[in-house]
Amino acid sequence: MCKNTPLACSLYLHHPFVTLLLKKDDLQKRSVCSCLSTATQTSANIRQHLPARMKKKLILDVDTGVDDAQAILVALADPNVEILGITCCHGNTPLDNVLKNTLRVLQAANRLDIPVHAGCDKPLLAPAAQEEWSESLDKMINQNPGEVTLVATAPLTNLAVAVQLNPKISKKLKALYIMGGNTESRGNTTTCGEFNFVADPEAAYIVLERYTCPTYIATWEFTCRNSLPWSWCDKLLAQNTPKANFVKAISLLSNKKAQSADYQNEITEGKGFNSCDTYALAAAINDKLITESQEVAVTVELEGTYTRGMMVLDYMDLLKKKHKAVIMKTVDKEKLKQMFMNSVK
Amino acid sequence: MCKNTPLACSLYLHHPFVTLLLKKDDLQKRSVCSCLSTATQTSANIRQHLPARMKKKLILDVDTGVDDAQAILVALADPNVEILGITCCHGNTPLDNVLKNTLRVLQAANRLDIPVHAGCDKPLLAPAAQEEWSESLDKMINQNPGEVTLVATAPLTNLAVAVQLNPKISKKLKALYIMGGNTESRGNTTTCGEFNFVADPEAAYIVLERYTCPTYIATWEFTCRNSLPWSWCDKLLAQNTPKANFVKAISLLSNKKAQSADYQNEITEGKGFNSCDTYALAAAINDKLITESQEVAVTVELEGTYTRGMMVLDYMDLLKKKHKAVIMKTVDKEKLKQMFMNSVK
Amino acid sequence: MCKNTPLACSLYLHHPFVTLLLKKDDLQKRSVCSCLSTATQTSANIRQHLPARMKKKLILDVDTGVDDAQAILVALADPNVEILGITCCHGNTPLDNVLKNTLRVLQAANRLDIPVHAGCDKPLLAPAAQEEWSESLDKMINQNPGEVTLVATAPLTNLAVAVQLNPKISKKLKALYIMGGNTESRGNTTTCGEFNFVADPEAAYIVLERYTCPTYIATWEFTCRNSLPWSWCDKLLAQNTPKANFVKAISLLSNKKAQSADYQNEITEGKGFNSCDTYALAAAINDKLITESQEVAVTVELEGTYTRGMMVLDYMDLLKKKHKAVIMKTVDKEKLKQMFMNSVK
Amino acid sequence: MCKNTPLACSLYLHHPFVTLLLKKDDLQKRSVCSCLSTATQTSANIRQHLPARMKKKLILDVDTGVDDAQAILVALADPNVEILGITCCHGNTPLDNVLKNTLRVLQAANRLDIPVHAGCDKPLLAPAAQEEWSESLDKMINQNPGEVTLVATAPLTNLAVAVQLNPKISKKLKALYIMGGNTESRGNTTTCGEFNFVADPEAAYIVLERYTCPTYIATWEFTCRNSLPWSWCDKLLAQNTPKANFVKAISLLSNKKAQSADYQNEITEGKGFNSCDTYALAAAINDKLITESQEVAVTVELEGTYTRGMMVLDYMDLLKKKHKAVIMKTVDKEKLKQMFMNSVK
């Protein structure tokens, strides 16, 4: 039944370009979910370059917009990656749309066998109660102790709730990769705040305090500075494969806006194609991607008129935190390009 | 084995008089827990005045110090109350001690058949990860939809995590009774903050925002204004029953301090014996206890140099909240005295 | 020329009932000011019951609405009070209107000889710069060291700037009387904030920290609890003297609103006629008026989502402040009534 | 009498290396001040390259430590600059020491004819009252409307009080140059805060909001990135002139610490000799010094656990402020070196 979900090229674009093209009732969530829960992970089209036990086990926590979609495709393209499941979080678009978008990406890649789970539909301190929460994140990590790399490209609500429910998952993770936060008070949503952190500052705080596994962060400024040339992006989208056409269709509006004068002047420091979520994902599956990084203790400002949600870097070690995060600085752009190319083949 | 736990009269006093008399290794938590998990609820000494199905089903969430202990005894004394379980939370004393104290109270009442569960040992935004969390609160509520009255006399961390894990429990509760918060910025812990709310402001905020069931709050000022005469307290403790002697022993230090000049001058408005947690519990089991109350929307200040954790009452309806809490104003003191007397028989 | 200023009965009502009935160009500020600066203090209609040197020297800092007007009349009616000058502050209405209102009150009392000075037209941290500031407050205090009682019934901006300009004035004052702040987090403007303090929280903070002279505060709750019966107010306004008629005219709208069901339900605890500014003024000129009060260190919350501007009372002495303020609790209502009656004779 | 002030080479080093070598009673403030107030500005050693009326009129607001001292010397060395006066502010060291240090720099340059004024000895919201405040800043600006360039290298308390006292000075200034604030949340005092702004955040806020004259800011990161090579600094200090020897003596300790591994690792991004105050001063007297800059609206975070006092840059124009500040980016290092060299001749 899932296979019959219409493949409209209407994925929601990343903020601040979120456009809701789909009607609410398009989403047959109930059937989708039952479909997902019975789906097996033995899809025939997984190229098994490595024995299953040696593959990199990944859980993706997403709020699927354009760049999450690109990141998912990059993950699906790697034969040595096993995606245990995808948990969805409020963020770019309401949770229902995140679920739908995620399913469409999997459908475009013919990988609807991968479990998709609904997570939190509201930030931790939202005024209204959320509807439901899946415990799947906890279960997947517990069933694979020490083996799972968690990649979070959404607000960190799901991860915060998971670690409150079961504090031990932090030690059971192999590593955590986050797209979010900023290093130089350069806001893209509020004056000093990055979208994923501002969308749930308490969640970001809890995650940075309690996930004591190795933690790698792709910040907003990092992704801007390491963006790819638009000319190369055009080449990627012109590959004329089904997946390239899918990415082209969903990127149309966001790329146009990202190249507008307004956006260039106001929001980014680096010009170019910036699929920000993909940096976190790509770093998680390729240890050689990041060519320069810095270890520093980080936390999140929870108060502040202009700075609530801003990531704080403790260069002077005033906070005396033992756990440091690895802040990505530069990527091997050729490797990144190759991963993108593979993702649309 | 639980029955062999030594009954030392060394319950920890409520803040700000917490005294740790017991050594850490006194607590044989492992055996205690296995004991609890195998305990049955068919203890012979439950007086069944009402058919089981008509009893008031209660869950107590506690950080057992002296007044929690008194509240538990009051609940145990009511033949028409069924305690589904007791969940423990950090607060007056570390979680391990809360567990031990709770077991001692149950032992004194010969009711070790009641399940005791470990909850959160740290506030939501604590810098370090907590050790574990029990899902028992969620389960007990789910197994008795619409029937459970939840009484919280500790910091609200357990309740906040429970509603994040399963937002639906808010609708499945019959009612929520809370001891905590203040109505007139009268602090007993910080300049403007009450202990239970200050101990985890984010948890208190989440609980007041998301538990949309009928919510009744026994605030600090309310309990002070409705305290009982010390002369009557002396009479209560002189009943010379095993339970009265137990309460006398555990109250010794706290009552002495509560009658000191310092405490009278600085902390309370009302003079007298103030078993603050018992007000919330007694109101939960006797609908006639509260003789005056006020419905008003409430929330919690999360920022503020002096006011973090202070309860905020929106008398002018500036916040436009639909859900109002019932703020207790006055109690029927004779009824309260009778409940205390029954609890030591 | 000042004498020709038209006497319209259009004084602005105290918040939250501010109504601007006058057009901007009604105010001939320039001529008014030159008038004031040349006015002498030897008006013939000052009844000299005491030798001039023994009179109580008062400076009033006001944001003249209805209750400031009533307070000014009470001060003018006392033969043993010498008003050195009136400084005006933004607050109930823009500074220009405050100046005009103040002049009308003086005109109604035939006391345009009293100097009126323009103070701050914006709070300390207002985004835009204010236009001008008069140094008259500083000068009047310096010229009468140890003799001046300062009565502030407006936001405390003028006082804060004055003490920054000349820190020594704090020690040169005989006493400071303030109408403002609250004692029980009962807001009349924001959820937890009183108007005068919320209008400039930093100014209130600076004043409570730096004016180390004896400081007396008439808080919002105090004035509500000590309000006078409406029936008595009717009697006051029916005296049929020119001043009573003036007060009646300017009070018409505010009294009507203050007696509405909405206002009674939402804003006050005490029912009745509450001329809040008059409490501070009357206490300043009659040492016997206050029958009960409490000394406690106070400060102001500067952060907080709901509590910015709230007055904080340090009952537990956690802040270790040496300087305590005198918080008024109850008044001698008969004395207060007599002062009101005298003021309209 | 001033000339007899002993010339100890004991100037206080800039934070965080403040070392108080002098005893309190070394400072004969009273005599110093009377000396200053009678000093004339007709010193014979002013090289008059330009007619007096064409000179650049400067007021310096300082908290003289090593880098303020270097900045003052650079200003004194320029024949086309007229220093109207130097106002002193709390900061690196208590106000008394700032006064003394400033006088020593002037003595070393044989320019004790320049008036030195005491300003604020506490930040705006300091708990205790300050002792006194000079109105000289206001007077100097008013006497030279449209002609004065104000250079502030200290916490901005003096400037904030001056604009509260007389809001019009903002429009009477030709330009304002500030050393302070940061652009990328890189703290040198708190986790995210620069010293001068953190030392009085409210003052910094008021100055950035109300000084609507052209405003140029030399931020912490800017000065770090544009520091000069240590080898060149050695050359400067080896000039063997009286002034070079004076600078060498006062810089000894600070340069040693600034070259330590700790300092290099923790605090700066740019390695090298960073006389941060001198950048603001040099830019004020030489329009060609700054080779790259950016106009952006700025303000200051007043709340925040980690970010209080952090400068906020509104790149996205979310605050809709009309007034933009000029943020310095790069300097012409050769010009800067030449100015330093001239300053020790």
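Note that the chains are named A, B, C and D in the order they appear, and that numbering of residues resets to 1 at the start of each chain.
To be clear about the criterion, a residue touches a chain if its C-beta (ideal position, glycine included) is under 8 Å from a C-beta of that chain, and two chains touch if they have at least 3 such contacts.
Nothing here was measured: the structure is a model prediction, and the numbers come from that model.
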Maximum centroid distance from chain D, chain identifier (CA atoms): B
Averaged-CA centre spacing for the pair chain C and chain A, given as whole angstrom: 58
Centroid distance [mean C-alpha coordinates] between chain B and chain A, Å: 41
Overlap residues in chain C, where contacts from two or more other chains coincide: 302-303
Arrangement of touching chains [line / ring / star / complete / other]: ring
In the complex with chain D, residue positions of chain C that touch it: 120, 124-133, 135, 161, 163-168, 170, 202, 205-206, 209-210, 212, 302-303
Chain B-touching residues of chain C, taken from the complex the two chains share: 183-188, 190-192, 266-267, 299, 301-308, 310, 312-319
